[in-house]
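One chain, chain A, links the two complexes that follow: it is found with chain B in the first and with chain C in the second.
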Partner chain A sequence: MSEIISRRNFLKLAGLGATAAVLTGCGPAARYVTRNPYYDMPEYTQTGLSTYFATTCRECPAGCGLIMRTFEGRAIKAEGNPAHPVNGGKLCSRGLTGVQGLYNPDRFKSAVQRPQRGDPAVEPVEWDAALQVVKDALNGPAGEVAFLLGLNQDHLADLVTQLAETIGAPAPLRYGALGMFEGRATLVKAAEQVFGQAVFPYFDIAGADLVVSFGANFLEAWLSPVAYSRAYGRFRRAEPLKKRGYLVSFEARRSLTSGSADEWYPVVPGSEGLLAAALGKLLSESSGFSAVMDYAAVDVQAACAAAGIEPEKLEALAQLIARAERPLFLPGGNALGHADGLAAAVNILALNAGRGNFGVPGGVYLTTSPAGTATLTDLRGLVDRMRTGQVSTLFIHGCNPVFELPPTLGFTQALANVKTVVSFASFPDETALQADYVLPDHTPLEGWGYQYTLAGVDRPVLSGAQPVVVPLYETRATADMLLSAGKLPYKDEVEFIQSVLEDKVGQPDANISGTDLPSLWAKYLQAGGWWLAAPSLSAPEKNFADGASTAQPQAAGSGQFHLMTYPTLFGDGSGANRPWLQETPDPATTVMWNSWVEINPKTAEELGLHDDDIVKVRSEAGEVEAVVYLYPAIRPDTVAIPFGQGHTALGRWAERRGCNPAELLKVTMNEAGDLAFGDTLVTITPTGKRRPIARAESRVGVYGDH
Partner chain B sequence: MNKPLPLWMRPWVRITFAVVVLIFLGAAAGGLYLTQTVPEQPIQFPHNFHVGSGIPCMYCHPGAQWGPTAGLPTTQKCLGCHQQVEKRTPEIEKLLNYAANGQSIPWVPVAIQPDFVQFNHRPHVAAGVECATCHGDLTKMTVAEPQRGQNMGWCLECHQKQGPEKWERLSDCALCHY
Partner chain C sequence: MAEEQYPEKWGMVIDQDICTGCQACVTACSMENNIPFTGEEEVAYGRGMHWLRIQRYWEGEYPEVSPTHTPMMCQQCGHAPCEPVCPVFATVHSESESINLQVYNRCIGTRYCANNCPYIARSFNWFDYEVPAPMNYYLNPSVTVRRRGVMEKCTFCVQRIYAGQETAKKEGRALRDGDVVPACAQACPVDAIIFGDLTDPNSRVSQAARSERGYTQLEELGTAPRVTYLKGGGTYGG
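Coming up: the complex of A and B.
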């Protein structure tokens, strides 16, 4: 203690101070806090209590049900809707980040006009003037208007289809990278050939006892990942009268699905169709399999050689399938995105047909949702029309073609010949950067709507969407903008949605019922949509003629590698502006915040590459630079780059991060018109540079000591 | 005789000590007094006039019938009447200023419970308890004043009056402390 204050005095003073603090702290003044109540309280709010809204996640086309927790008028937390037939209360990481779309600081906050395409500088424009642009276009020559929409089969897609029909414009094209990398149009086309109906098949994974996945990464991204992950949980669970399901996967790299499989075969990309045919041939020799196609010409040995799998293993697998009670065969995007992708899809669906597991537990059903996904051939048609000046106004909503499409398709160049480009984007993405007008739609949590569900549910669903918060900025519903031209007999967006719901009035056997529209509407909003109370999909009927494809996969040339490009939790790339998603480690590699190229350590050794080396990946179409990640679980003749990063726009969290593998894709189509992205061959050249990437694995701390 | 007095018996020491003690006691008393005063409100809201003219409490504090907190009126709620009311006073001018700037009124709630007490208005309103039972006679106050003696014994006293069949539930600690 110092000379001035003795120890005793110090203790006395401290005691007095503490007493004063305690005495004053007892009174209410210590707890008086200034509150800032609302200026104008939103409806349904109760101070101090959360309000919950049932709506639909519109981050991808799957159509999961959401329960949004809101507090004092702000959306706080997204959770799955437990009553919803698609996700049953579960949600994927993408859906959880929905609020980061709502609160994204880079959002367009009002209508803007861009004096110079490609220049980020914009000028505000009055909504009335913007509305006039839309009206003029819709009242002009109908053949010169084109609509390009995202993959979501929602109310806007229905409305624009009706609008285009009414004014005589070409039907809207719905396209997106997710559909491209899953070969959705190919799947629908194959379903038409095998089942006679051009719809998405629904695969009842939960009821199967053996699932053979041909490149279908259904635990991460395929079609309806939450629905299929839930089904996978039940598939794997052993119950008194049910064995634990057995999963077999054919995929060149080990995805989360292959990593969970009991047997994983890293086959040559593009050989999946051949293997399906070979399996069909082996199975047709066993009982319980009635071949629906002619397997006489199939050479099992050759197929195994082409796929890089030992024939004994395929025979053992055929025996396993023959013993299984309810085997199920999944045609994934990696199998379909090849020149012979349609044949591959047909071969795989024919295996299901051969076992006759239609409309039974563990079998295949036909969904009722409209399937109208555009193909890349359709897109090329649009690009041709744009290039030749046949399109004077292009409306773009819900997709980002400048980023998602292979640049060699020439979409960006063709835009130059379009007089007016109107984007309804919420975020400053690459396509909005090329638009003359950006008339931002409400983000999904601020707007009305409905959405049909994609292939993940055993019944027809009209998933309902409603605003959970008052729109934060001066945005306007795109549906209202388009209706303002007065071409359709609806007053506004809500009236259009109600007109669709009107068919459901008085319909029994649904989750909600109402004898008039207002009561049904109220229940629809409360329940989060309309769906049938019991599973009710129809079984496909066999309607099959074609022979099995025996097209050989393209062999890799010397020094060349197969390129695998796969969608991640970023979906079609629009998830890259969510910091939560950027920060989520990839399930296979644990990499965050960047792109990487997966290379087998053996190959890397031959090329003299190490982790974190930057390499140039070059294809016929283009080249990108990416950081090497040594991945033992990929074929030595294959490299893989995830899709979604490499944005040049889309806000602070997405820009200048990683690479866009779409730049490597050559524009070659399969018979269904889908992009044959799986046939891309690349060379790898070291650059001599290094860039340690953030990954949780094998590092001290999150970012490592480097 | 010249033996010096011990330090603690010297008058100046005693006087100094007494003064210091008095200063501390005074400060403590003052501090204690300050804790019990009504806080400054942004607007000297005359509850007496509003309640006196027959406006129900729950017109402005409707949350009391639905949930835990009664809530404070929003600027728009005040304006609902005051854009019709001709009368202008300096206090109403303040309100109109808040409204013109799109601001909320920074009220300071006085009827508050500590964080470890989970009080809910709704069951009390549903049971027919008058607002004045806990909040005092607002016809005699301008700005709301905190009520004295709202401690646990006071709560329990009223709970006990609800009859023995309810008392078992109403005396459960976890009813309010959870």
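Coming up: the complex of A and C.
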């Protein structure tokens, strides 16, 4: 038998049921996706019939299971994997448009070299030469190499971590806008303070009967939106012996999540932690709540005044919570992205502790996913190293820092002092535009991998990814590129992935089992990953007694309005080049193909502003021009700009649409090192210009009314 | 007719108490049914091709303001106002599935049907919309690609209905509840859309349609829609 066994032959063998006997002694199986001539099609490619592959959606870090429908070698439609514990067959808009990434005409089609940074003109470069660049960097002084990865907790993150350890380079930083807007590091840090373990908590929304969300957009973008949306569906549905769940939300703007809430309180941004403390104080006076914090110093009246909510309403809510059987409190990004965000997160988690809902249905659990997300403080450390010339080669994969980070951090300027910037981007994004070499990785639907799932699931999951089509262009797996330097004992990407799966061989109680690696591998590919068959998360322990924080909400700098920035369907902004994501109306405003600034109609009237007026939004950090959208459900002292548009690169569908609110964010951190993006104040100045934006509302069937 | 008859009457229930308005159904519908994207300008003129849209209405005044979400698509009316006005029988009633079919190669683009649809559920191909290569690779081979001058609308994913029927026939059994799931219901993260056979009193969709929260859109027009909505925003006996 030949050394290399094709995917086709592998499936044939696996199909014959002769797995163990035949495959033992073969070369590494099913590693290579081969191109076959038309007359010799693999048997799974039958003309007129679809083939389905189980893989993982890698559009965001949540790690939903996919079943990709393919047809004669083309990927047709992304559907959810019904067996997958994260999404149970469901998908969000981002996952559904994954094929528009795979087949995007603006992709990099081969390795390129950029003679001048910032100039879109590129020259093709041979892969061998590109490989030499990577090898030279990895064989050079280890301290001068830096890796910047996206948020996805995937095989590449593991591999690069190992690689950095082996060569003695600094550990890779994993960062992305989604984590920034979730206050991810703050949440983990607060979990460490409250539970003693630095991991993501998992919130069992489905089992709760009352959910109080402190700025957690769990139906849109927070941690694992599809998993939490599924849980919300079960939470909301009344069934025999199960009450309809009741959702309460504190948020300055009525977002999609707050829009589904039965009670919405538009509170001053940054006052969420204070309110949590006030609620704790009110609850500690009721039965069924054993305070884990000292609430003596909390002044309920003052907290309500600072948050802009009537004390009677908070008291009514406290009574509602006291009557609820399984209330759950969610610390969302809007509450955490403030100077005192860590205290807010602790206050909110302490409410869960007070109700004792740890490790019970409708309560809080601890996940097993390694956290390991970088904070903005870590990023600033990297930027400092870059600026002072300590980084000679920067490898960037899976993130777009030039677009996602506040420009005042100085990432783009610091790049000038980095000798070689290597991007593994698939698309010509803003960061790739600053890279000397772009060595495009396979897109997620063309490549191998695995992904640990994040906080949205009640058990450990190693979600599997495999190519569903042969790579379209001359791209190469980044893992293979990095392994080619010979620093790690793996022949290629698949061998590395299999080395991780090897631990699972012979392990019982999982969705798949195998007595040897090849049979487990075959089942892993077929099932779309490895996970435990039953929920198995541990309950956190209360291990702290600290005073509740009574830090006042504070907005830094001067300005008329609080600025809210929130991620949308575009996630970290990388979804903006999917035309169907652009044409899918925004859930709250129904705007398509653009961005906007939301202003309360009353405020707009005072300022003399109307829908579609262009205004200058100015903060201490910078200014952008945005189109006014009169949003009836936002505080009059707050304006909001969605994140994700305003690209200056990233292809024909993304460029020159709307504005990027990151330009308004000042670089101030909270105690956990996350960006305090919620403390931004802005002023609004009319420009006298107008720009009608496309929206689905009011215009359906109205031909010509523009 | 010599054609096989299937007894199913397909119907849908949408629970507005659970629907969050997240738009996953809208995207799923577009990706399944080869619906072209038209670009900012066309969509601003109201020429977007969405077969399914979510009507978001605000109720009340700040701070008591609250949104309602109504996913709106062709209601597959029993007495469809679009049908009698089509001069070429492009908009016809299918007896077997009890849905409204749009026969693209008959359509001559008079747009009378869209004019007569009280739900504004039909979209018209004003132009040929380009899907630049290689993006056309993902086009679904089970669904016709329409061109300029043709009216189109939600079909209840009729291709999936046929696929389900064929699979059941091949396996020599009757269709089971859940065999046929349209793209919107398949994607819906909160499971607010239920689809199935209304002639089976035990199917999920029949049970849900009997809810005391159920109503149909513009029922005073007597169009006999096949889509039942369940009112949202309350605790309803719980």
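Here, the second predicted complex is superposed on the first by the 654 of 706 C-alpha atoms of A that agree within 3 Å, B and C clash if a C-alpha of one lies under 4 Å from a C-alpha of the other, contacts with A are read in each partner's own complex, and residues count from 1 in each chain.
The rule is short, and it goes like this: a contact is a pair of C-beta atoms (placed from the backbone, for glycine too) under 8 Å apart; a residue touches a chain by one contact, two chains touch by 3 or more.
Keep in mind that this is a model prediction, so the values were computed, not measured.
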- Query: After lining up the shared chain so the two structures overlap, which partner does A:476 touch, if you call chain B first and chain C second: first, second, both or neither?
  - Reply: neither
- Task: Based on the superposed arrangement, let me know which partner A:47 touches: chain B (first), chain C (second), both, or neither?
- Result: first
- Item | Touching partner for A:97 - first (chain B), second (chain C), both, neither | second
- Item | Partner chain in contact with A:237 - chain B first, chain C second, else both or neither | second
- Please name the chain, chain B or chain C, that touches the greater number of residues in chain A. C
- With the two complexes superposed on chain A, say which partner A:78 touches: chain B (first), chain C (second), both, or neither. second
- What is the contact status of A:594 with respect to chain B (first) and chain C (second): first, second, both, or neither? second
- Message: Quick check on my understanding: which residues of chain A belong to both its chain B contact set and its chain C contact set?
- Response: none
- chain A residues touching chain B in their complex are 16, 19-20, 23-24, 26-41, 46-49
- Can you list the chain B residues touching chain A in their complex? 24, 27-28, 31-32, 34-37, 39, 63, 66-69, 71-77, 102-110, 112, 114, 146
- Within the complex, which stretch of chain A touches chain C? 71, 74-80, 87, 89-93, 96-97, 99-100, 102-105, 219-220, 225-226, 229-230, 232-233, 236-238, 243-244, 246, 254, 256-257, 259-260, 262, 264-266, 472, 569, 579-588, 590, 592-594, 600, 602, 632-633, 636, 657, 692-697, 699-706
- Message: Could you list, by residue number, the parts of chain C that touch chain A in their complex?
- Response: 15, 17-18, 20-24, 26-28, 30-32, 37-41, 43-48, 50, 53-56, 58, 61-63, 65-67, 69, 114, 120, 132-141, 183, 186-192, 233, 235-238
